[in-house]
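Each chain gets a letter, A, B and C, in the order it is written, and its residues are counted from 1.
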Amino acid sequence: MSGRAKRLTLQELDRLCRRRQASGAAMPAYAGPLERHVQDGDRRLLRLEYDDSPAALRLWNFLLTEEDRLHEARAAGRKIVGTMKDLGTVPVMAYSLPNVVAFYPDGAWWTPCVMELSEGLFGIAQSLGLGDAFCPVRAMAGAFVNRAHFPIPDLLTCSVGATCDDFSAIAQRLESLGYPILWWEMPSRRRPEPGEPAVALPGGFRAPESQVALVRSELERVRAALAELAGSPLGDEELTAGIREANRIRGLLGELRHLAYAADPCPMPALEMLIAEMLAIHFCSDRAESAAVLAELLDEVRSRTTAGRGVMPAGAARLFWVNPVADLRVMNLLEDCGARLGGTEYLFCHALDAIPGDLPPMEALARMALADPMVGPSVDRAARIVRDARAFGAEAVVVSRIPGASHCALEGTIMGRVVRDELNLPVVELEVPPVADPLWPTLRTRLEALVETVLERRKR
Amino acid sequence: MGMCPYARAFAGEVLSAPGVGGAILTTTCDQMRRTAEWLSLAGGPPVLLMNVPATWQTPAAARLYRDELQRLGRFLVSLGGRRPRRERLAETMERYDACRAILRGAAGTLGGRRASEMIARFDLGEEPDGSASAAPPCGTAAPGRADSGQCCTPGGRRAALPVALVGGPLARGDERVFDAIEQAGGLVVLDGTESGVRALAAPLDRRRLRDDPLLELVDAYFGTIPDAFRRPDALLYEWLGRELAASAARGIIVWRYVWCDMWAAAAARLSEATGLPVLDLHVSGDEAGLGRTVHQVQAFMEVLK
Amino acid sequence: MISAGVDGGSRAIKVVLLDCRTRKVLASGVCDQGVDHDGLARKLLEQLLKKADLARSRIVRLVATGYTRNAIGFADTTVTEITCHAAGVRHRMPKAATIIEIGGQDSKLLRLNPDGSVRDFAMNDRCAAGTGRFLEVVAARLNAGLEGLGDLARAASSPAPISSMCVVFAETEIIGLLASGARPEDIVAGVQASIASRVAAMVGRGAGAPVVFTGGVAMIPGMAEALAAALKTPVQIAPDPQMTGALGAAILACRQACGR
């Protein structure tokens, strides 16, 4: 195949799907035209643009059929765990059990993005007192009330403590509606005091041994609850195997990110990369299949990189993107403005690192959980951003604020300061609500101005 | 945008008030947790972020709280303090326990602004004396205020509408909300704000205090103070249920700053949890906001009437 | 060779015609913004060409900028107003290091590199409290024109503190101040200080000197002084501040056409 990879409308992507089906190409059982999801109410899908590869088609089908898989799991008698707030740790434990599926109910906060208010999840949340001063995660409360999305989990876990207030408040509201939650404490990661025993965490941070011990003991409670739910033991052997599988997926994603963000021209659009990264934290309710989806995507990226095919012209401005966007269209917009992704930090970069394999599994998981950049100071998060931005050759940084999210009020200022001091890169903050249409001109202006600034800097 | 005005004001005070040797913030809300970091970077006095666990039902949480108290102690020593002997700690705790008893009594008799001010002075180091709990004779104006004709004890000349004030902290100047409530015909009979009786630790076990004062400190503070940030927050609703019944409050005014997610969500639940009318006062902390507060309180009192 | 810059702002359209060789402004003009962004810009351009006795065909390149830039169909290309203001200010004030632009609907901070390119920028376009809109609201409340606000502010003895973070609530605050006897002069000075402090918050740690103030609001007397007080650093007003965006667009058009 020659020429640039293209972005397709939904109709064009569905024509690709039908051609493949007609040709007898091997496709997973869940594959099909995306328009069937539009008929379910995902009207926002009509306004997105998609990569033209079969790998991307498979990725989208995989994402949009997660709820189907959860219902199938319920029908087959498997246990369903709703893991909340901790990004990447409890699912690793849950999937180590043979008949357990885990998912993120707070992933429903994306649902309005693809469903353009058609389900009214925000309206239900509002009726519960969770208005737009809360972050879009409030959609989760709506999903529990109307029961029109995922099956109600058999067990809900939620980390609290060093977590954002709105999430904590939303989850508590959920419990008050009659959904018991296993709360577990995440301490606020701090620097060890002089003389205090400390350990190295994945990702480069250090933390007091006492904090790791606390997280380990909390995860033991989660382990016990999972084992009781499953009716089978969750021993070190099972966990070690689960960690190995999780690391396989993290490895695939790591390689995908490295290629996609470093290669020029950019081989995979920002939107598909955002969705791919999300697979690292929850496997979209099918761990084995998520590995297959990522492997196919990686193959496509390798192939394009080798052939010099990209979705953007070579030399597009490289933007390092911080925080996921509530409105997925913004990922298309950044390319419309002449930019491409040169690295990302979507709140869970610790879930992209390999879980240490040379430690007892619970110790490894505890260290991994404590390495979450969100549970420590923003300067730690900024340090990671600096490291990765440098590695990917990013030329500017965009901090995307999530409306209502308590962490966004101050962290952008701190992170921006660190990035400017360390890398001397321009940093722009922009706010992306779940439906960003009214802000489109201002978002476009900021991104275009940033691209202009980057291109001008290259001349110096 | 998005920063809690209380956190902002606190940070401003730390950086501008003369003679501040250190600042202690806690993790009870994300806003303060991040403000602590911001202050650390601002080049002001040393800052300690004390990790107060959100969970409370496990030994691990209590252990964490105890460890953090000890870390707090080390921080205070680093600022020039002295590590207390066990006996001294116990004596201080007893004294404060006695003060809290006086304050609880005062809250029951004085009500409203005066009780709140007593607690505020106590928080700043002024210990109340036993006479503080004596209520003024019916019809006597509180010092510095014109006699509104309102009476603070039931059966007075004109009965005020009893309300509960529940929520987050009151900053200096915010006590005007008590005036607004009284001028609108109400009386705060339960101060469940972070600056009120809700945040007073329960009476100490004197015997355990002597055996292990630090452990008793943990039990008293960590184990008994209900709040919206705790997970689960059952203790808060248990406390509210008891205290609302005892106080016979006819309505609840939630006091919170804008961008406070914890109390915003709690405000939404209070009506269904208590069956009482609820006014959600989300204040911006500026002068114009006071005018809005007064209007809302007046309207709420009219509803209660 | 002539280039043209069109700045289609939210309140006004500005056009500049530039001699590409001498970089001198041949003509410039402004008209009110309306519904037909393209038509109004076109008409203004034609008027300027006629006034300068120039044929349309002499224009080698035209760049559009501003809020409505994408609606100006006859532009050869569009560039954001961030880049254009930087170019326009530096053309007139080659040593400018920091630019503050306050328009009717937004405010911007630009930090420049020594060569005049934009190093970094920040924008406030979600809150009217840091924009010219706030002054319009005040002028209306005080029955004064925008041009008269400067005289009022100069006569202030004690600027009234305006604490609201929202223009709507601030308007309520102003009504309250008037009712309590505050002088209009002090209110205006307080509003200017409030706008300046919002803008200063964007600046953060230190503004590189010299700081140049541009945009329509820079023409209102008293604002530069308020900004200087908020930033605690001298502020210079760009010459012809309302036109720097269009001027910058014309300069960029020249560069694109001539390669320099």
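We take it that a contact is a pair of C-beta atoms (placed from the backbone, for glycine too) under 8 Å apart; a residue touches a chain by one contact, two chains touch by 3 or more.
Please read all numbers here as calculations on a predicted model, not as lab measurements.
With respect to chain B, maximal separation of chain centres occurs for C (centres as means of Cα atoms). The interface carrying the most C-beta pairs in contact is the one between chains A-B. Per-chain Cα centroids separate chain B from chain C by 47 Å.
Between chain A and chain B the centroid-to-centroid distance comes to 38 Å (mean Cα coordinates, whole Å).
Contact with two or more other chains is made by residues 413, 417 of chain A.
Within chain B, contacts with two or more other chains are made by residues 1. Within chain C, contacts with two or more other chains are made by residues 126. Note for the complex: chain A touches chain B at residues 128-130, 133-134, 158, 160-166, 168-173, 175-176, 181, 183-185, 187-188, 190, 193, 210, 214, 217-218, 221, 377-379, 401, 404-411, 413-414, 417. Of all residues in chain A, only 413, 417, 420, 424, 426-429, 431, 441-442, 445-446, 448-449, 452-453, 456-457, 459-460 touch chain C in the complex they form. On chain B, the positions that touch chain A within their shared complex are 1-4, 27, 29-31, 33-35, 37-38, 40-41, 49, 51, 53-55, 58, 60-61, 63-64, 67, 71, 74, 228-229, 231-233, 258-262, 264-269, 273.
Put simply, chain C touches chain A in their complex at residues 67, 79-83, 113, 115, 117-123, 125-126, 204-205.
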